[in-house]
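In the two assemblies presented below, chain A is common to both, partnered first by chain B and then by chain C.
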Partner chain A sequence: MKRMNWFAASFLIPFSIMVLMFLIVPILSMIYDSFQKSGTGFTFENYQTVFESDFYLQAFANSIKISLFSSLLALFAAIFATYSLTKFPQSVQDKVMNFANLTSNFAGVPLAFAFIILLGNSGLFVLLFEKMGISGMSSFNLYSMAGIILIYIYFQLPLAVMLLFPIYHGIQDQWKEAASILGASNTQFWLRIGVPVILPSLVGTFSILFANAMGAYATVYALTGSSYNMLPVRIGALVSGDVFAQPELASALALALGVILVIAMLFNEWLMRMVRRDLR
Partner chain B sequence: MSYVAIKNIRKTFNDQTVLHDIELSFEKGELVTLLGPSGCGKSTLLRILAGLTRQDSGTISLDGKDITNLKPKAREIGMVFQSYALFPNMTVLENISFGLKMKKEDSQTIKNKVARMIELTGLEGKENSYPRELSGGQQQRVALARSLVMEPKVLLLDEPLSALDAQIRKKLQQQLRTIQRELKMTMVLVTHDQEEAMAISDRIFILNQGRIAQQGTPNEIYARPANEFVAGFIGNYNVLTKEELARFIPNVANWSHSIYAIRPEAFTLKKDGKSYEITGLINQVSMLGNITRYTIQNDKMTMMIDQLHQTQSTLQENESRTFFLREEDIIPIA
Partner chain C sequence: MKRPFYHYVTIGIVVLYLIIPLLGTFLYSFATEWNHTVLPEGLSFEWYQRLFSDSRFIDAFIRSLLISLGTTAIAVLIIVPTVCAVILYAPKLEKYIQAITVMTYAIPGIILAVGLIRSYSDFQLSKILIVMGAYFVCVIPYMYQGTRNSLRNINGAALMEAAEVLGASRWGAFRHVIVPNIIPGILVSALLSFSILFGEFVLINMIVGTRFETVQLYLFAQTSKSGHMASAIVVCYFVLMALITALIIKATSSRKTKKRAAPKKTWFKLTLPKKEAVKS
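Entry: the complex of A and B
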């Protein structure tokens, strides 16, 4: 057995302490809190409240829908965008990746504000299209589910591009050449070899996008205040307290959110293994 | 007309000409080798044959048909890659049957043909393994089976064995040759390994800087290198100018050529017919298994001499010896 290098391992101590203090302890305290109600001791009452309330269930539904659609659409667009990017010279690739890095981090209040200016009720494009007599924009409402999905895609797409970019280098040119000599068209190559090979990365990327969207708070809060019913907004309201704080109920909601993410991840893994039998 | 005829193939990459009007042809059932150092253009020529790279000019015909502008899949040519290029998400069986499925053959035909290939390449028991579960040698046999099952008119092999260790490489070379003879398959092998080329080819084309330096049977090429490059590339020829040769053999002044090549194993310790005497000081002895290689020196000029290994009569370093060399073993090359 390899001997442990205690000197090197000692450098992990500050990191381990930080993970413990700011990740493990809060999660444990959150789990504990979610089963508490001021003064009554252990109880399922918080969960009962969450799952019996149409209001909270609607927050779950909205969050899942918006996360699912924005992740799927961003992933779908990124698959093509990234492939196209790999066909450009290295210098262009570098510039686009820098830009993607920047925009994927451009979320929250500034992003919501940018969209309000461009697509809000008196947004630049809305007024412009109105003047040009194009009526399509008038039915678009930035503060609806479609609007929120659009904003989410804005920061999900560059993240997806960054995550997918390296995987295309995993597709060997010689697989394509071998397939073409064996009589496969380009489409057949992608269907039978290309996509199955990159599938694990697609699934992993989807999981990250989904989690990213489920937890996004500032963007939707800046855009709609607390008027649009989504899970992070509800948790935020319960913690900071519109009327009075209910951290126990917030813990129960947060734990439910975590469980949804874990289920989504396990489902993705299972689905992938159905297609990629060689990875079993 | 030849089975495969390549005429005036020229290819330029970024102003650098890698193939200069290459002309070569070969017959059905032959195993020909394109041999040369890296960068000589041999792989490019192979890719042009497969239709994966477009030539700037020239024509290719196969079995009397002009295939110059056909797509790879329409050429009836198979190819085995150095990196095997097996599809990682498919089993051995699925990899081998891929091409037949693309051709929409019926499932019974596919089953029979694939079973035959698995038997031929000795892959029984590995049908349901994935490429990553196989050794390099096994992966290369799958790649071979995947191409052979399509019954191509010509099979191209791009350094197929170079990623394997020596022992497996030797074994696969023989297996490749056996399969080629059994199927009477026309094959073009690209390699930089002259031993491999000598061992399995019917005919060898030696390429240097985008030109064919020499072509012929392994025996012809080994016995009569046509120029300095071939002599230097094949075997361990001693390549000497007339002036250098003069230090070992007097009276060469009136010889007609300026460069000569001598095989290291052409030297003998016993006089045999009309021979020249080559005398020098043995300054290095190295054991190469079944042969012992001596370097002899005379007047600052060295010559390599190979002798079959004999335990009793190993020559010693710093010993002055005379070897004999027959006249016809001094090959004029330029």
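Entry: the complex of A and C
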């Protein structure tokens, strides 16, 4: 090891203090809090409350469903769109990728608001379809699970495109040529070579998208306040609770959310090991 | 080159999905009245005039600017030297920084907020300082990636050694050799960090609330009052983000042309995609 002198150390100290104060300590104290109940000492009561309450279980179910569907749909669209994109000249690719990069800024409160304008109770599309005599739209409710999934897809799409685009460059035209010289059809190429090569990246992308949706708070909060029952919304309501703040319960929920994210990550790693032969 | 039609369709769907909410908001911000008709009844700059003469908006904008710029500056001053020191002199510690990076990237703002509120609710520490500390932690992944990639591109270790062999002091070598070479990369990371913090909603809303009204909080308050004003804010916010994104793209692509040996698309790896949970 090279000399670790005052020079390096003098920078490490403020950095470590910041990380300790604003990352490690808050997380540890949250974990500690989740096992406390107003001075009764160590207890599982908070977790019992959470897992025995239909209300909180519904928040889990809603969050997982919305995250799952929005991630899958965004991934599905991005798989085809990014593949098509590789067929276009470099300048078009750059433009579309810059556009994706730009729209990835559009999330949270501004995004929820834009969708309210379009599809809210007197949204532009609702008006448009009414005038056109299409009645199907009037039954659409933006403030429902379907509506929230639509909004989540919006911020998942640019992320999915940006994460997937580089992986198609891993599939080289030479491979296709080699495969077709050896007599493989296009379907066979994708089945035997293309998909196995990109599968790990797809799984990885999916788990990032899922985690991203699970933790998203601002979008749904801006859309429905605290009324739509999702995990981050419940946590927010419990901790800042205008009347009855229950921070210990909030800590338990937050830890449960964290555990779900960790499980998703471990699942991703396990799947990665299953599909990637070089890791075995 | 002739492309099958479906390549246009797949990309078209994604681009349309991403562009329609933007266009809707844009039009709405210029519309005088748009509640019963398919197209706006008239167009005007009224909402922008009102917005820019509203001192509450100007104040909110200045607050957003101060807190994001301030934190970004602190982050650059602390994180960049730390990462440099670790990579150049204590590579064994790098895995800890990587662990911190993964942690902060994976932990949703809502969880961090719960932890912070619990840890510091009893202290007389200014709430704004707590948010700034949390922001510091939030930008670590982006600053770390940018610094590490810049150092790798210029082969920092060799440069440092050469400078020291030639008689430069350690600090002098860092200040006069490393810093000028990594500045462009750091600037990109700083811009990215700034844009993320400028759009942050969860932490500022949960920890400080309306006592320190940023643009996001002001927008949130306006959405329930005046849709037109809110859409004007969204457009302004989006234009600012577009400017920053354009700067980032310009900076990264000009470096790309300078270093012809570098593989295409390095900037996708250079910049971690933003997540909803971190930035809002």
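Miscellaneous remarks
Following the convention adopted for this analysis, the second predicted complex is superposed on the first by the 255 of 280 C-alpha atoms of A that agree within 3 Å, B and C clash if a C-alpha of one lies under 4 Å from a C-alpha of the other, contacts with A are read in each partner's own complex, and residues count from 1 in each chain.
Heads up, the rule we're going with is that contacts are C-beta pairs under 8 Å (C-beta built on N, C-alpha and C of every residue); 3 or more make two chains touch, one makes a residue touch a chain.
What you are looking at is a predicted structure, and each value in this text was computed from that prediction instead of being measured.
Partners chain B and chain C, once the complexes are superposed on chain A, both fit on it without clashing.
Look at A:A146: by the touch rule set out above, it reaches neither chain B nor chain C.
When the two complexes are overlaid on their common chain A, residue A:L20 makes contact with neither chain B nor chain C.
Of the two partners chain B and chain C, more residues of chain A are touched by C. Judged by the touch definition given at the top, the superposed model places A:V197 against chain B, while chain C stays out of reach. Once chain A of one complex is fitted onto chain A of the other, the partner contacts of A:I235 are limited to chain C, with no touch recorded for chain B.
Residue contacts after overlaying the shared chain place A:I263 against neither chain B nor chain C.
In the superposition on chain A, contact of A:E177 is made with chain B only, not with chain C. Looking at the shared chain after the overlay, A:L57 reaches neither chain B nor chain C. Of the two partner chains, neither chain B nor chain C is touched by A:L271. With chain A used as the common frame, chain B approaches chain C to a shortest CA-CA distance of 12 Å.
Considering their complex, residues 1-5, 7-8, 11-12, 14-15, 18-19, 21-23, 25-27, 29-30, 33, 77-78, 80-81, 83-85, 87-89, 96-118, 122, 124, 127-128, 131, 153-155, 157-159, 161-163, 165-166, 169, 208, 211-219, 222, 232, 235-236, 239-240, 247, 250-251, 254, 257-258, 261, 265 of chain A touch chain C. Contact residues of chain A toward chain B in the complex are 172, 174-175, 177-184, 188, 192-193, 196-197, 276, 278. Only residues 1, 3, 6-8, 10-11, 13-15, 17-22, 24-25, 28, 34-38, 78-79, 81-82, 84-86, 88-90, 92-93, 100, 103-104, 106-119, 121, 130, 133-134, 136-137, 140, 170-171, 174, 195, 199, 201-202, 205-206, 209, 216, 219-220, 223, 227, 230-231, 234, 237-238, 241-242, 245, 249, 264-265, 268-269, 273-277, 279-280 of chain C touch chain A when the two sit together in their complex. Only residues 50-52, 71-73, 77-79, 81, 83, 85, 87-91, 98-99, 102-103, 130, 132, 146-147, 150 of chain B touch chain A when the two sit together in their complex.
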